[in-house]
Each structure stands twice: as structure tokens, then as C-alpha cells.
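What follows is chain A paired twice: with chain B in the first complex and chain C in the second.
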Partner chain A sequence: MIEMFKEWYDARHEYAKEWKEKTGGKVLGYFCTYVPEEILLAADVLPVRILGSHEPQDVTEPHIFGMFCPFCRDCLAQGLKGRYDYLDGIMIAQSCLHIRQAYTSWEMHIPVPFSYYLPMPNHVQSPRALPYLKAELETFKKAVEEWTGKTITDEDLDRGIEIMNRNRRLLRDAYDTRKAADPPMSGLEAMYMAVSSQMIDKTEHSDVVEESLKELQTRKLETPTGERLIIIGSEDDDTTFIDMVENCGSTIVVDDHCTGSRYFWNQVESNGEDRLQAIAQRYIDRPRCPTKDWEERSRIPHIMNLAKDWNVSGAILLQQKFCDPHELDIPIIRKTLEESGIPTLFLELDVTVPVGQFQTRVEAFLEMLMEEDLF
Partner chain B sequence: MAEDKYPTEPLKCWEEAKQLRFKYYEDYKNANETGGLRWAGGAWSFDAVPYGLGDDVYPLTGEPYGASTAFDKEFSKKCLEAAEAAGYARDLCSYMRNYWGSILLNKFTFGGPFPKPDFIWQDHICCSHAKWYQVASELEGGVPSFVVDVGVGTFDEMNDNKVQYVAGQLLDGIDWLVETTGRTYDDNKLIEAVKSEFRLTSTWAKICELNKAVPAPLDEKSMYSLYVFGVLSKAKKEYADFMDKLLAEVQDRVDRGIAAIANERTRVMSDTQPPWGFLKVFRYLEKFGCVSIGSLYTFGLTGLWEDKEDGSWGAKTTPMEKGVTINTREKAIEELVKWNLAKPEWQHFYHPQLKSDMMVRIAKEWKLDGVMLHYNRGCEGLSLGIAENRLALQAAGYPVLVFEGNMGDEREFDEAGTMGKMDTFMETLGVI
Partner chain C sequence: MYVAGIDMGAKFVKVVILDDGEIKGKGMAPTGFDLDEAANSAFNSALENAGIQKDDLKHITSTGAGKKEVDFRNTEVTEVGAAAKGAISLFPGSRTIIEVGAEEGRALRSDENGRVLDFVINEKCAAGAGAFTEAMARALEIPVTEMGALSLKSAKETPMNAQCAVFAESEVVSLVHSKTSKEDIARAIHDAIASRISSMVRRLSIEKDVTLIGGLAKNIGFVESLKRDLNMDINVPDDPDFVGALGAALVARKKAKEG
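What follows is the complex of A and B.
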């Protein structure tokens, strides 16, 4: 079953097109995981996360100044190349300025019938954020109703919430299996599992995760676990890189990425009364993107807990080149990890990564970790 | 060198502006000696609010400080290298790195050790705003901080929910200021400061409007030294009074046909912060009779604008001019929020088309022949969408010069290459 996630990831566009044909439903592309998918699912819309393809490209140069991150340019390139030509709508929830440009340029040059900018609050630590976001979700819900022609009832919202929560619970369970001394799944497999959840019908995805969990109970990886690593940083679906790291004598056992654990970590705690408030609370409470992690730094205790609970021996910090929000967090995260005895390796990601050069650095890092084990 | 066509003369209030700027940094530096308070924050922070703590509360806004530091290339380089040595990426905001570097080196650009603020009072619309002062606080061993999120969307989509979100944070911020400083809060001082801000930011727009005249009474290089009061402390009464004086003087220049540059032959605007260490670029253009009349940056970073009945873009009518009564803390905060959310330079954080529309409008109404876009590697916020702006300006029929650089990191500015591009641009505009 676990192979299914890679198949979905590789054939994401074909899947969405078939889904559309089969259901007659609408597909919405979103640029950031602060988008409240619960409301889209309540309207029977398929939300798919727009990601890059990790191929060199030159189509975005006239649209986005080269000092912005390669990920936002790679995303826009997919649109300009017509790879998401099946989308009925696009949206973004306010997060970083970089990905916002992919969204605005997409809106200007690849028009779709529905486009929405959700002004997700940045000051999520303020008590003012909850009522504000709740009201914005009401506006968003109305916009979705108008677009789809479907009235979203409380029952629809309950269904949307439960579909998302089930997927989140199952992904947490799958991540929990990696706490074992010999994790039954690799970091690469976990990445395919988590990222594919962002582009596949959630119920279908959850069914396969559920089946996979049964398989994981008795599964053993062919390669030894080696050093247990956490990967931390911005968007990351660079499977080639992850595969290389795990082939050098390590296993990635957990992550703090918006393509990974940050996407599914916490649930909507709905008491069946004020559903939009419950949804708003979930997005305010979720493990934060650095753009929203102030005035207090909540990411650091969260990352330290991950490192402890998954018993990691080292951390690789992966940052999209030019990603200001992560650049602003990385020095203190590295310092905190290292002061706690967890060595770190910092690498910058681009649309394509220099796997050969990175391999040399990863091998040196792992050798250092192994020496620490030895002595 | 193009021949002189118009009379010109220096600005009479230039020296006063210089003294006011000097005093700003001196006041901040010396505040604690006389029992006053120092606070640090961004140029867009709601500086009217801390004025409610008393007349002896002095701000240091980070962006102008970063720009002033950049002007001293040697010191700036040391600051940038210190920030990099501390682990901060070279492509981060260069103002921020100049500021952090000053803390790390414990050297104030205006002399002496870097003065530690008593509290931080910041706003947040760019990814770096809150994080700038989060790191600054850590580097200074912990400074109490309060940040107000203003990222609620464009002004044309404003609603009560959005206004109340920002206003609510500011009201919480007042409680926080009282708790943090142990001072009482004077709502009358807040109201006075809010009114000063309305006055200053509207007056600056009126001054910029006067630059529609041919010849332009002001050139952009000079404007940088004048608009700055709106980013040092836009709510300071003394600065609002100065703006009134400046408006009268610029109006007089227009009435008498006094030009900023005597040989004006062609008019352009720039965009984003300039490379502060290389302002001579503007003087170089003057050789060809080219005047930069300003930019959306110089007009709208501080100035507040609105559509006028005749269809033109002009200074925003203040709440006082509209007869709005401001007599409570809550009302002052609400009006302050509505006023700030209309700021032109906040609009394009949400969509480049909004900026393109404003730029094309300036190009038409200020009678421009071309546009120079500074692809500024030092500021992700104001470079946001700049490539789309270029396409829109070209589509509107304006020749566009693009040059790359960095407002606060001279290592990223190719002086010779840029001057070469300027020559070509002048050829395009037909002045060579």
C-alpha cells in the first residue's frame, strides 16, 4: 500500500483530472497550508496544493524578481507551463511574501473562474486573532458558496472537519510508528505520504493510510536505521535529496516542514456549536510558519519536543534559498539544538539541488554523528 | 551638460530639516539621562500611541537608521559582516542587518555605544518586520516587545472586522505600554499625536502634488531628506509644523517658477528605496537635464492620498478637515487605523496590479517620460511584484530602466554598470 503515495505524488495531475471527470466537481489549487480545507471539502471541492516540479525553468523571470525564493518561482512555472490547466479556482491564505507573488502572478496571467486571498492573521499570538479569523472564514464560506452554487450547511462543515481530522489523526499515527528503534517506514516514504495527502481526495488518501498502518505493524526496512535525523525548514518535497540522505546511512524519522508535520499536526476541536470558530482556532494553534511565530518563539519548544520524542541524533536544516522567514529563525534554532547536544547541518535548497556536493556534506555530517556514537 | 532653462535656488528650510534630523538621534541617545524613555520599532509603527506615555518618549525607527548607516559605507560594511558572522543570511533586509550589526558592534551610527531601547513597538506587514525586532530583542538580552499586525488586506476591501482587529491590538498595546513602563497613559496626548500624524502625512502628499509642476520644484534626492520626518516620527507635532512650513515654501517655488534643477528637460520617477550609498546617481542624471520627480516610494511611504473630484490623485482629506470629532482613546485609535490602512505603500503588499495602477497614474499626472526601477535586493517588501510593475509600465507606453542594487548593502551595487545603463536610458529618452 505504501507505494501508492509515491504513485499519487508522481501522477498528481492525472489524478486530479480523473477525479474531476469522475465526480464533476471543482478543483482548487492552493498555495499555502494555512488554507482552511475544511470549508472547501464541505462544498465538495477538491483542494490540491500547488507545488513545483524541481526542473530548471526560465518562464518566471519576467514575473518574479530573482531575489525571491526558487519555490515560489517553481510553483508559478507550473501554471505558466499549463500543468494545472484543470483548476477551477486558486487561493492563498496570507503567509510569506514570496509565495504570494506566485499567487498574484498566477491570477494575472493564468485566469481561473475563482480566486481568493484569505487574510490569515499574522499575529496569531494575539487574542484578537481568533474573532478576526472567524469573521474572515464566514466571508470565505460565502464566497465558496457563491462560486460553487452550493449552500454549506452545518452538517457539511462537520463532514469537512471530520474528513480533515481523520486524515490528520492517521498521519500522526503513521509518524508515531517512526518513533520505534527501527522505524518501519523511511523518511522518503513518509514524505510521499504526507505530501500526497495535499493533492488527493482526503477520504481516499485516509483509507490508504489506514491500510498502510496495518502493514507498518510488521514491516521492516531493508536498510539499517543508522543515524536518526530530523529535517527542519521551509517547504520541502525534494525527494531526490531525501533519498540521497537516507542512502548515506541515516533515516529521517521526523520533520518540521509545512509539506510534512506542520500540515497535519493538530486537529479542529469542534463541539458542534461554533464550527467556524473551531476551524479558526485550529489554524491559529497549529505549529507555526516562521512568518507567524512572534512575539514569543513557539517553534523552538515544538522542534525540541519533536527531537526528543523521536530520539534524533542530528538535525538537517533545509531552507529554500532567499526564504527570509526561515533565514530569520535558523540561527537560533541551530544554536538551541546544538546547545542541547543535537548537531546540525544547514543546507540551502534551490529548484534543483546539487546532490553530489550535498552528498559530500551529508556524509561528513553523518560521519561526525557516528564518531559521537563511537566515543 | 544640458543648458539651464529655469531659475533655481536652495531650499530655505534645508538647514532646519538638517537640525531636526540631528536632534532626533541625539534625543534618542540621551533620553535615559533625563529620565525619558527610548523605544525602537519600524518606520510604519503606530508611533502616535507611545506619545500617550509622555513628552519625553523618543523613538528610533529602524529603516531610516539602516539607511543612514548605509550612507557610511565603511561602518555599514562592518555591520553587515557582523550580522553575517552571527549567522544571519546575506540576502535578508539590509536595513535590518545594519541595525543588528550596530547592536553586535555596540556602535551607534550617530556616535557612542548603541543605545538599548526600553521597549520595542513595531508593526507587521512584511515577513521581516516582527522578526527584525524579535532578533534585536534577543541580541540585546531581552527587550519587552509588542507588535501590531496590519496585514488585513487592501483598503478598498476594508470592513469593520479588519479595522477592529488592528484597533484591538493597539488598545491591548496601550495596556501593555502602561504595564511595561509603569507610567500612566494620557489619552489627550494620544489624540494630539494622532492629529499631528494626519496633518503631517496629508501635508507631505500636498508637497508631492506640487511636483506636478513643470519645472519640478523638488528633485527626489532632496525629497529623501524631507519625507524622512514621516518615517522618523510621523506623529510628532514639531515635524508636522515643519511640513506646513515646507509646503508654503514649495508652493512659493511653484508660483515663482523655481526649479529643482535649472536644466530640466526630461522627467522620470524611480521606485523602491535607492541605493543609499550611491545617491550620486541622481546628480549624474541631472547632467542630462533629467529630474526624478519622486516615486510611489517617496510619495506614498509616508504620504496619504485619495481620488479628487477632478479625477486627479491628491492629498487625503484629514478627519479634522472632515469635521470628525476625536475625543476618546477608542475613537483616536479607530481613525488612526483607518488612516494607516489607506497607505499607498501597504496596498501593493496584496497585489502588484495595485502598485502598477498607482505608478501609471503618477507617470501620467506628473508628466513623466520614463521610469527607473531599482530592483532592490535589500527589501523584499517593496520589491514585491516589481517585475510585474515593469511589464505594466511598459504596456502603458513608458520606457523602463531596470537596475539591480541594494538599498543598504553597497556590496550589491555595480556603480559603473549602473551608470552605463543610465547613459543608455538617457539615449532612449532622447536627451543625449
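What follows is the complex of A and C.
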């Protein structure tokens, strides 16, 4: 069952096209996980996250400055190459300027019937953020109603919330299995599971996660666990890299990525009254992206808890080249982890992963963790 | 008890044979395209040098970029691990070890047992490594082996930016056009590499003693530039390019003892 997630990941475009044919529904591509999918699901829209393909490309140079992160350029390249030609709409929630540039370039050069910029507040720690976001969600809901021609009722919103919450609960359960001394799934498999949830009909995805959880109860991996690692960074679906790290004698047991745990960590706590307020609260409270984690650095204790609860012996910090918000957090994350006896390895990612060079570093890092006294 | 360490570097294969901790033989061969042939050639010359047969060896440990390509290895160790063990055995006071080879510059901090505490490795460009001096020597039309001595004749600082090996070469061309002397250009090149290496080492926070190993440590001009930049004395062993192989041999010795 668990192989399904990789199949979905590999065939994400075919899946979306077939979904459209089958349901006659609309597909919306989104650029950032602060997009409130609950409202889209309430209108029976399929939200899919726009991600890169990790291939060198030469089409974004006229549109995005070379010193913007490789991820935002890779995303735009997918649009310019026509790989998302089935989209009926695109949207972004404000996070960083780099990915917003990908969104605005897409809007300009690859026009779609619906495009929406949601001004998600950056200062989520302010008490004014909640009423602000709630008001923005009301406007957004109206825009979706206008686009789809469908009125979104309270029942629709409840359905959207429950579809999202169920998927989040199940993914948390799947991550919990990795706390075991012998995790029943590899970090690569967990990555495919989490990131495919951003591409597939949520209910269908949840059903397969539910089935997989049964399988995981008795599953044993063929390779020994080795060093237990946490990976930390922005978006990360560098499967080649993860595979290499795990083949060097380690298992990635948990992550802090927006393609991973940050995406599904917390639920919408709805009391059946003010639904939009409940949704807004969820996005204000979720494990933060560093663009929004100011002035208190709430990410740090969260990461420390993950490291403790999943019992990691080392941390790999994966940085997208030129990603300023994450760069700002790296010194304090490294310091805090290392003061708690968790060594860190810092690596900077470009669109393609230089596996040979990274492997040298990863092997040396793991050798260091094993603390083998060689004399 | 004989053991061997083999360091499959990007440009050269180096082999060290130990007998109870004493160096008994060394061998070296250019890496080239045929890794098997290079490994065998360096290995056989080390055996000959030590006056022993392959069967006399209890354990062989490989390291270096091509460490997995050595069919006859018993175990392998990373370049960083081998550098720490090798340098500590030569200079027990080493706490910061800098290694500059043909394609990579590395720095690591080690405890007194040769256990790696932290490390950094240069990024994509080879501008901070040995291949860069070779390219620059070609631009100056002098043998790379003469670069070091030549640069020591210069007493002048000439700013140069070695962020990229290709751009740096065009900078050298500009210096040639502005009639800068070869001595001054040679020094500018070593200063630029030293500056790049130092800035990488500073990411680790430097703890004394500092030991420099790797092929580029044979270049006295570069060693001077690095000392000047770090503003401290640096240990340099006699055969700095064999330290990785020595470290691997020490790992082999431990493995052989463990049985």
C-alpha cells in the first residue's frame, strides 16, 4: 500500500488530469502551504501544490532574478514548460517575495481563469493577525464562490475542515510510528507520503494512509536504522538526496519542512460556530515558516521537541540557496541543537543536488555521530 | 604486523604501509581515468618500497573521493576521518586541521584522539584548491612547482578575487596586461586561495594548533600566505600529501587489532 505514495508523486500531473476528467471539477495550483485548502475543498476544488522537478532549466532567466531561490525558479519553469497546463486557477498566500515572484510571473505569462493573492499576515504573533486573516478569508471565500459559481454553505465548510483534519490526523499517526526504535518506514517513504498529500484528492489520500497504518504495525525495514536524523528546512522533496543520506547508514525519522510536518501538524479546532475564524486560527497557530516567526522564535522549541520526541542523534539543515528567511534562523537552530548535544550538518541546496559532494559530507557527518574511537 | 592505507584522491592515489605504527613504505600514482590501474600501481610501488608481499598485509583501509573503487579494501574511512587520524599522529597538539587537495579544501576540528568534532568542505568551485594553482601556473607559463618559490620573492599585496577559477584567470590576464610582475601575480594567487581557505576555516572557529595537510601544503608560497592570513604559525608535515593515506593506515591498524 505504501508504494502508492511514490506512484502518485511520480504521476502527479496524470493524476490531476484524470481527476478532472472523472469529476469535471476544477484544479487549483498553490504556491505556499499557508493557502487555506479547507475553503477550496468546500467548493469541491482540487488544490495541488506547485513544486519543482529538480532538473536544470533555462527558461526563467527573463522573469526571475538569478539571486532568488532555486525553488521559486524551478516552480515557474514547470509552468513555462506547460507541465501544469490543466490548471483552472492559481493562488498564493503571502510568505516570501521569491515565491511571490514565481506566482506573479505565472499570472502574467501563463494566464489561467482564476488567480488569487491572499495577503496572509506575516506578523502572526500580533493579536491583530487573527481578525485580519479572518476578514481576508471572507473575501477569499466570496472569490471562490464567484469563480466556481457555487455557494459555500456552513455544511460545505465543515466538510472541508473535516477532510483536511482527517488527513492531518492520519499523517501525524504515520509520523508517530517513526518514534519506534526500529521505524517501520524510511524517511524517503515518509516524504513520499507527506508530499503526495499535497497533490492528491485528500479523501483518497487519507484512505491509503489509513490502510498503510495497518500495514506499518507489522512492517520491518530490511536495512538497520543506523543514526536517527531530523531534517530541517523550507520545502524539500529532494528524494535523491534523502535516499543517499539513508543509504549511508541512517534513517530520517522526522522533519521540519513545509512539504512535511509543518504542513499537517495542527488541526482546525472548530466549535461549529465561526468556521472562518477557526480556520484562520489554525493558520496563525501552525508551526511557523521563518517568514512569520518573529519576534519570538517559536520554531526553536518546536524543533527541539521534535528532536527529543523522535530521539534523534543528529540534524541535517537543508537550505535553499539564497533563502533569506531560513538563513536567518540557521545560526540559532544550530546553536540550540548543538548545545543539547545534537550535532548538525548544514547543506545548501540548488535545483539539482550535487550528490557526490554531499555524500562526502554526509558520510563524514555520520562517521562523527557514530563517535567511533579510531585509535 | 603490516597494514595499508590507500587514499584515492582526485588527482593522485597515495598508499602508506605501516608496520606496528612505523611507516615502512609509500607509493603514489596519478589517478587518471583507470582507477583500478592507478590503485594497483600505487599499491604495488608501496609494497616494493616496503619490501613485502600483498599477503603480508593484515588489513587495508581506503579513503578519498574514489574510496569505494578499491576492490581489495577491507574497510573504508571518510576523507575527514582519515585527515584527523593522520594529522594527530604527526602533530598530537593539532586541534584544527586544514587539508587542501586538488579539487577540495576541507577543514576540521579534532579532539586529542583524532575524533572529528566538526568540519567544513568547500563549495562547488575549485578556486580554493590545488587545481586552481595549476590553472594559474598555466596562465603565467611557469611550472606549478615553481609557483611557491616565485611568490616568496614578492613583497607586494595585489588584490585578486578567487571566487571562481575562470574569472580569476581573466583577472590574471588583466594583471599581466597592467605589467604586474610574475612574482606579484604568483603571490596574489596564493593570497587569494589562502583568503578563501581561511574564511572557510573561520566558520569552524579556529583552535590551536593548526596543521596543514594535502598536496597544496607542498607549495611554500601558499603556506606563507595562509600563515599571514590566519596570523599564526602552522604545522606542515614533510609529506603533506600522504597524511590521508597515513590516517587510513592507522584506521586499518586498529581494525586489524580488533580482528
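Note that in this section the second predicted complex is superposed on the first by the 371 of 375 C-alpha atoms of A that agree within 3 Å, B and C clash if a C-alpha of one lies under 4 Å from a C-alpha of the other, contacts with A are read in each partner's own complex, and residues count from 1 in each chain.
Here, a contact is a pair of C-beta atoms (placed from the backbone, for glycine too) under 8 Å apart; a residue touches a chain by one contact, two chains touch by 3 or more.
Predicted model only: the values in this text are computed from it and were never measured.
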item	value
Fit-or-clash call for chain B and chain C when the two complexes are aligned on chain A	fit
Comparison of chain B and chain C by chain A residues contacted	B
Which of chain B and chain C A:A364 touches, first, second, both or neither	second
Partner chain in contact with A:H302 - chain B first, chain C second, else both or neither	neither
Which superposed partner A:R159 touches (first chain B, second chain C, both, neither)	neither
Three-chain overlay, vertex chain A: chain B-chain C angle, C-alpha, nearest 10 degrees	80
Superposed arrangement (fit on chain A Cα atoms) - minimum chain B/chain C Cα distance in Å	6
Residues on chain A lying within both footprints (that of chain B and that of chain C)	none
In the complex, chain B residues that touch chain A	86-89, 91-93, 124, 126-128, 130-131, 134-135, 138, 145-149, 151-153, 161-162, 164-165, 168-169, 172, 349-353, 375, 377, 380-381, 383-388, 390-391
Complex contact set, residues of chain C against chain A	65, 77-81, 85, 104, 113-119, 121, 123-124, 250-251, 254
Of all residues in chain A, those that touch chain C in their complex	343, 348, 354, 356-357, 360-361, 363-365, 367-368, 371, 373-375
Residues of chain A that touch chain B when the two form their complex	61-65, 67-68, 94, 96-98, 100-101, 104-105, 107-108, 117, 119, 121-123, 126-129, 131-132, 135-136, 290-291, 294-295, 297, 322, 324-325, 327-332, 334-335
